[in-house]
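One structure, pasted below without further comment.
Going in written order, the chains are labelled A, B, C and D, and every chain counts its residues from 1.
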Amino acid sequence: MSLNSFGHVFRVTTWGESHGPALGAVVDGCPPGVALDEAALQLWLDRRKPGQSRYVTQRREPDAVEILSGVFEGQSTGTPIQLLIRNADQRSKDYSEIAKTFRPGHADIAYWQKYGIRDYRGGGRSSARETAARVAAGGVARAALAALAPGLEIRGYMTRIGPHAIDRARFDAAAIDGNPFWCPDPQAAEDWAAYLDALRKSGDSAGAVIEVVASGVPPGLGAPVYGKLDTDLAAAMMSINAVKGVEIGEGMAAAELTGSQNADEIFMGNDGKPVYSSNHAGGVLGGISTGQDVVVRFAVKPTSSILTPRRTVTLSGEATEIVTKGRHDPCVGIRAVPVGEAMMACVLLDHLLLDRAQTGGARGPIG
Amino acid sequence: MSLNSFGHVFRVTTWGESHGPALGAVVDGCPPGVALDEAALQLWLDRRKPGQSRYVTQRREPDAVEILSGVFEGQSTGTPIQLLIRNADQRSKDYSEIAKTFRPGHADIAYWQKYGIRDYRGGGRSSARETAARVAAGGVARAALAALAPGLEIRGYMTRIGPHAIDRARFDAAAIDGNPFWCPDPQAAEDWAAYLDALRKSGDSAGAVIEVVASGVPPGLGAPVYGKLDTDLAAAMMSINAVKGVEIGEGMAAAELTGSQNADEIFMGNDGKPVYSSNHAGGVLGGISTGQDVVVRFAVKPTSSILTPRRTVTLSGEATEIVTKGRHDPCVGIRAVPVGEAMMACVLLDHLLLDRAQTGGARGPIG
Amino acid sequence: MSLNSFGHVFRVTTWGESHGPALGAVVDGCPPGVALDEAALQLWLDRRKPGQSRYVTQRREPDAVEILSGVFEGQSTGTPIQLLIRNADQRSKDYSEIAKTFRPGHADIAYWQKYGIRDYRGGGRSSARETAARVAAGGVARAALAALAPGLEIRGYMTRIGPHAIDRARFDAAAIDGNPFWCPDPQAAEDWAAYLDALRKSGDSAGAVIEVVASGVPPGLGAPVYGKLDTDLAAAMMSINAVKGVEIGEGMAAAELTGSQNADEIFMGNDGKPVYSSNHAGGVLGGISTGQDVVVRFAVKPTSSILTPRRTVTLSGEATEIVTKGRHDPCVGIRAVPVGEAMMACVLLDHLLLDRAQTGGARGPIG
Amino acid sequence: MSLNSFGHVFRVTTWGESHGPALGAVVDGCPPGVALDEAALQLWLDRRKPGQSRYVTQRREPDAVEILSGVFEGQSTGTPIQLLIRNADQRSKDYSEIAKTFRPGHADIAYWQKYGIRDYRGGGRSSARETAARVAAGGVARAALAALAPGLEIRGYMTRIGPHAIDRARFDAAAIDGNPFWCPDPQAAEDWAAYLDALRKSGDSAGAVIEVVASGVPPGLGAPVYGKLDTDLAAAMMSINAVKGVEIGEGMAAAELTGSQNADEIFMGNDGKPVYSSNHAGGVLGGISTGQDVVVRFAVKPTSSILTPRRTVTLSGEATEIVTKGRHDPCVGIRAVPVGEAMMACVLLDHLLLDRAQTGGARGPIG
């Protein structure tokens, strides 16, 4: 993982800024012969697309993906796949007043300090628009996983917006697609709508927690010590804009358990595969998948581009206040759900290929 | 980051198992001319060494580090530094009964499923002994940072054991070295001692939360998008044994804040550098250090090697119960404090060198 | 270096096929603040462009480069630079008859064996068109080198076509741009013209040797053992299509010298820098630049797409003969000159940045 | 490939200096379950060992290899394998007079200029002793290849010493082990003995050419564009001390052929696999193995540590002459034969694993 690339053998390099002509991803190392076309990728991009409800940015971007290389007659060829997404609705004028003033909580000041130059028309590389490229790359990963690990499924949803968490007793997977928040608890979704409507009116924003679960993951993915599956998942999620925490399985709460509570007891299933009494581990032991559901959770901070005035300084060091108009997400975490799913897909495929390299996919038998 | 290596240009590769003859690290990319000797590294290893209180494993390991290459007449030469630590007290017989039975919550079963072979005398690469090599490598990183970033300081401490968190109102940095838990809250340290004594007697173990803070970090370290400073910190900490969650700054709790609460307002300090009203960001914006304290927190799950009987299966698939005798850490999080510090040192040096590569260390002026 | 990427910290990833809609390169790790625009890159691309004489392919490609990201107001921002070049003149029908028959000496059969799928409309990734992306990336490297190492110059030229080598006694740098072969020996250029005219008529092709020299290279670039400057130069040149041999300095002929002949004796120059009696080493000792000219030479095999009938097999394993019509280079080595220059620029910049990372660019004084 | 590591997924990191206590290699990514012990590795090391004839250095090094990790009960476990070789006969006093004077043609001056510090007791990392670690790592690669690609054989030999090349008409594979030069032409071996005896007496040294051939290589290893098999072979060989040129198949001489001469015509063999009329390509087309013999050749320059006086400068910049006493190889190319074999083994295994990652080892059928 270095600068703008991600992955070991399934390697994604993203490029492009929020206010340039286009952005995209080069996907290197995809297996050959994977069925792939633009329509299949567009499905995933449409889930992340802005402007789909009043709770996300009103920027109008079709996010139409073009495949410029690496696919021939509907199949991947094994060569690099260039995925290009044009920026349609840059509307730079919205950003003119932030050219010389740093937004508190935003990457503006850090970019300036490091590079001494920045595309002040928007967030540049720090914009959430970069994540469109990840979703496109994740679509490629999903297509490859469909061929190599049939039965593997990835599902993301939100578990918290601001102070309001879901009630797990009401968890209903079927509800996830039925509200603008990918919320598995219909009652929480109503609370969130009311909460966000009030926040939007007051010109403020909210944080969120997203959970991504992969089921049907083969055992044996991941490797000690710095190539752990959970190490790469943590990096993948933390690399998403605005993410401030990542958890695997029990996560931070594991600190509050005793060893006897935390141990997932092991039994033999009827199919000769191990089953577990619980999944505190989140499907990963010693950095290697066990066959249980892989469970990752991450927190997205509230958008820093808000209408509430905040004190800050200008490029020339003068004290001032800033109010960020533009068209921003009142809860950027909502659109992070398909992004988290995409990163999960990329990491799992990468480790599936890495494991195939080292072990050939053979497995030590139990029983 | 791939399998057993970590870092971009300051690159650490660790090797060795808990019950082999030795373990160690090769450190590649260290700047030349850094003052370095075995005594300087030993200081850090002694902090992680087992057997220093009744709250950690009673295995007796001197953890004496030998420098086999890359240092000449007390200075690094710029070539790879091999750090070797001999295992002294393997006492393999303790482990004989776990050779054929998987410990719930332990990497045993995952290693077996992936590799079809494992060093059943101990945890092999999944053992916390691997972290001795990290601490040695971190010592090299600290020596280089002392030369390149004078004033940079790294300090780790525990903030929680099991259900007992510190009270931040009682935070006293001077107290950290005064108890066996690196606890900055002397009263919490007493509670922890009592709690762990009881747990040990009942043959159980406890989880913990560690916080590592780096102050004096130059602005500009880290890079978008997959080379973010926080991405690499998350990976670094998640790669430590038993870690299940990583947080930067506000961490998971950032989800509960509004944008106006979370924004760290900016002012100009008397020295012409920006100062901030708060540090929800944990010193990192857009993946790049701002000059504020870099704050990382991680949760360590309770040791899975416990005396409390747990249900499990054998290699041949038979149901059984297991009690792990051996000499295990009742709270492995305690010894993770110097490990977290070492990882912070490695990541910061790596990004300092990477930034020097790309920008030459020049900084965009403010004011 | 992995699959379609090249470089350590200045990292180039190319993508695209000869008969797809476009090809290009993502350049990651470029220093910020480098003056850069499309016109500056186009200068280099125009040197490699097909159709400029009767000795190269008659395919008509404007090879116009678009910068889609990473440049703002005429300067690099330090974020990834996407360089896109549209394919204009694919004329796929020319290739229809080679869809099912393997060209001897061509990558066709190897791609088929590996991937089980290939873009039969042309060479796909194995086409020399891929090198347009390298030349564009090399233009970025040159712009950065102009800022970081003023005085560094890179010049390529041909020293052999088929049986006809230049006479070094007639070497005239001013002549290089005065003939269609980048030939520093005007008399050899005339011989080559006659030789190639005859070959073209007989439907055959010729091999070539290219030499690339960088002067003004700072000492200290490169590192032991696998990061040697010459290691990376060898990889860079061997990765160019059709290259079968790479030499540094004396090259293969070094085997015929004695130690006393080969030793470049050292003196102190008037400017306090070492000077050498000769340059058998090609400017690199122990993998590290010495300040002398860096000299690389590589051999390009003759194009395998020829009109002379060759025996081969079809996809279905039947014996047949093939004559490759299409529009191919009678001597593909000619257009490899700007490609070799571009690879030299990329490698030197990458090592200059790597050296800056590790040593800060400080140098051990002599005298 | 970066600094002291080599390989993509089978990754070797070497460490250690000629005059330190030890040197070695960490081998990461080895498949699990490979039969491996110290005796198997020692066989290869003994071939490279100094002091075996009067034509190589008289330094006495047992080069006994210890496996410190990654092997359990005679099998690789899939975790890093540390291979340690102690330096026994450093005899630093031989080098005392070169501490302050640079040897022409040697890495001394380049190391000094880059690092400002060097281990003046010997060549440090630039010493040919580093290659012992490569041979040990190559032994691991060979063991893995024996399991994964039975029938694959690697054989190296010399084809030239100084002005004397072998006569290919006299090539006799059975002769290779029958002389101190790994020479397949017994008559050439006699010429070489006489030539080197004379050179040794005059205090001079000779260059050499080594050829390494791998037969039984599966088709499909290697990948476009920067991950070509020949790209990595070129890098691997050029990274060996004193190598100045690398050739694949026809090599530099490919420039002198026409396309019709160079094309290896294709036929179907009786076993349904393609056979070729010739092997100008050296077994690699488009960067991918075809199943033909993979043929690599490299030139080793004459040792720069010679008794013939050469003009040079001191650390303080004074003009002087140097005569290097010590115990040096009159023809260091001799001991490069097992080193070249080891690098071939590492590259082939790495690409076999990489190919298994991407394609699963499936092959497009012909016929």
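Quick note on the criterion: a contact is a pair of C-beta atoms (placed from the backbone, for glycine too) under 8 Å apart; a residue touches a chain by one contact, two chains touch by 3 or more.
Remember, predicted model here, so these are calculated numbers, not experimental data.
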Hey, which pair has more contacts between C-betas, A-C or A-D? A-C
How many angstrom lie between the centres of chain C and chain D, each centre taken as the mean Cα position? 26
Whole-Å gap separating chain A and chain D, where each centre is the average of the chain's CA atoms: 45
Quick one: report the Å distance separating chain A from chain C, using the average Cα coordinate of each chain. 38
Which residues belonging to chain D are in contact with no fewer than two other chains? 2-5, 8-9, 14, 29, 32, 78-79, 114-117, 125, 223-224, 359
Connecting every touching chain pair, does the picture come out as line, ring, star, complete or other? complete
Looking at the complex, which residues from chain D come into contact with chain A? 8-9, 29-32, 78-79, 223-224, 353-354, 356-360
Within the complex, which stretch of chain C touches chain D? 1-6, 8, 14, 102-117, 125-126, 130, 160-163, 199, 204-209, 219-220, 222-228, 230-235, 237-239, 241, 244-268, 272, 274, 276-277, 280-282, 284-291, 299-306, 308, 310-313, 315-319, 333, 355, 359, 362-367
Where on chain D does chain B make contact in their complex? 2-5, 9, 11, 13-17, 20-24, 26, 28-29, 32-33, 66, 68-70, 72, 75, 77-82, 114-119, 124-125
